[in-house]
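Comments concern the structure below.
Order of writing sets the labels: A, B and C. Residues in every chain begin at 1.
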């Protein structure tokens, strides 16, 4: 029985990784569409939103069935538990990507202020964290998660920096207000995605070590 | 008086020259279910049989180290082996009520031969009490003079538990008690053990990790005569420290 | 049309049946002959055959002697045999246990006439007379290995788990063995006892030099000679008289009936113990 479960878990992990890749590319593409004012690319992100929701449901069902049928324990149980939580975070990330893509469509007609402030840079950082968390999950290792707390602090700092910069632009010229509020909201989304990356890292840590930690 | 029902100190058991238990140390607190799990042939049954000196029946078995029952070394000098066995009841893998004795006599025999109770009335009430404790009274009350062959596997096993409880032991040893019992009987016995642990310390040998996880408070994992890991059941099944334990509970230990 | 395989099958079944018949035929032949030859002798003489002395045409003293010898030899042999059997079972690895076990095997195969000679030398000659006691003693010696081996075997067949159960109740070895395990092995032990009794009831050789023979009066006591049915048959068959031969056949039938009478009812009445 153990061997059967081992195979099923492998399958489950690869499903979660596929979903993770989808969420990451959605986020990357949304920010790219925003930056290059590419509405076509933005539309594809919106389309992919249903795919990620479907994956969420399918993986959850698969994981619950494994619990019911195989009574997993130890590392198997922890992997399934981690997967169940991770797909929720990945769905959220996908949903933020969708929201950013929507905004990209709205902001496609006018040039961006100051090259979009630091949003692309912040997005790279966030994507990097999600990627590392997924790598840690894939290889069941802790090394990629090492300085997540510091990286999360950096994300938070970037958020405040974008926030302040946007406020400056708004005070300079009231015509900037709409654009800047969107920037702030997008930065807020990215900051949340960073938090989700941290939550994924916590679950991976639990999966690997069996211990619960909190990344602050 | 020690707080532990059973404690072993570097306990080693050998059959002739072959060492089957290689120096184990653990402490079993009172009034809990302690499950000893491990693959077949890892020495679980041998270890269990050393706790009530049933191992003495095997001429080749050699025990060294200490096994303490409430702080007293049962392998010490001047130990009354028979009184040790009365204090530690044992239930076996194969349900073994004595086939030539009635249900009543199966429980009475230990009490009579050990002269534990006086008079028919006291005997009657002790037997009823033991059957009640073993959750069997309702099922056999009107057929105490039947032979155990009329009982199901699970009932036979509970009869054996009643036979043991009648002696008022402090510790119950169970050697894979549900290995020859159907699922319903297994469930009944497991429920009974959950009830009995309120008053007795229970040491259960099982080759089925799922059973250990269902009913035990503490688990010890024995592998090739060594205690690889022991600890609270929830911890062992969520997050075992040892690679072998992990593989065993997950069912992938070759 | 039968295939080759089916033919082979039929031939095999036929061979097995033929073999079985060949083995059983002598047994049926003996039983039939004894009944055919013995029954007229008994019927023509009636009750006198069972109670009368030899000159009255009866086998009364011999019949009485056989029962007496069986009883006396059981009295002497069974307790010893039972304890020896238990000893062999309980201490198989001890030196003495191993020795006794081999000794029992030898005794099983020992020529019975030598037992008669031995008892004659230690009892009949010192006492100066044949006696029931000497006969019973010789029969007891023959009885012992059967009962002991059957006892040890019956005990051996009890699954270890019952032994463990008994000991784990805190019972001593003696209590475990006598109060729990022996009652469990009752059926096997009783089978041994019956076989031994049937065996000694049919023995002739050990009685030749020990019991003596007594056919004209009923025995007086254990220290005086007694007769026995096999011994009587042995004596009568050597006589040229057809009447003696008829008596011998009748006695043989009686011996057969004793055999069946000992075996069947007690075996059936022994309760089957399910393990």
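Simple rule for what comes next: a contact is a pair of C-beta atoms (placed from the backbone, for glycine too) under 8 Å apart; a residue touches a chain by one contact, two chains touch by 3 or more.
These numbers were taken from a predicted model, which means no experiment stands behind them.
Colleague: Chains in contact with chain A and with chain C: which ones?
Modeller: Chains in contact with chain A as well as chain C: B.
Colleague: Which chain maximises the distance between its CA centroid and that of chain B?
Modeller: A
Colleague: Just to be sure I understand: the centre of a chain is the mean of its C-alpha atoms, right? Then which chain's centre is nearest the mean of all of them?
Modeller: Chain nearest the overall C-alpha centroid, as shown: B.
Colleague: Report the inter-centroid distance (CA atoms only) between chain A and chain C in whole Å.
Modeller: 93
Colleague: Once you find the CA centre of chain B and the CA centre of chain C, what distance in Å lies between them?
Modeller: That pair's centroid distance is 46 Å.
Colleague: Just curious, how far off is chain B from chain A if you go by their C-alpha centres, in Å?
Modeller: 53
Colleague: So in the complex, which bits of chain A are touching chain B?
Modeller: 1-3, 5-6, 71-78, 209-211
Colleague: Quick one: which bits of chain C touch chain B in the complex? Just the residue numbers, please.
Modeller: Interface residues on chain C, with respect to chain B: 93, 159, 161-172, 175, 179-180, 183-184, 186, 273-275.
Colleague: So in the complex, which bits of chain B are touching chain C?
Modeller: Contact set of chain B toward chain C: 52, 54, 57, 59, 82-86, 88-90, 92-94, 96, 98-101, 109-110, 113-114, 147, 149, 160, 163-164, 167.
Colleague: Considering the complex alone, what residue numbers of chain B touch chain A?
Modeller: 209-210, 213, 237-240, 245-247, 249-253
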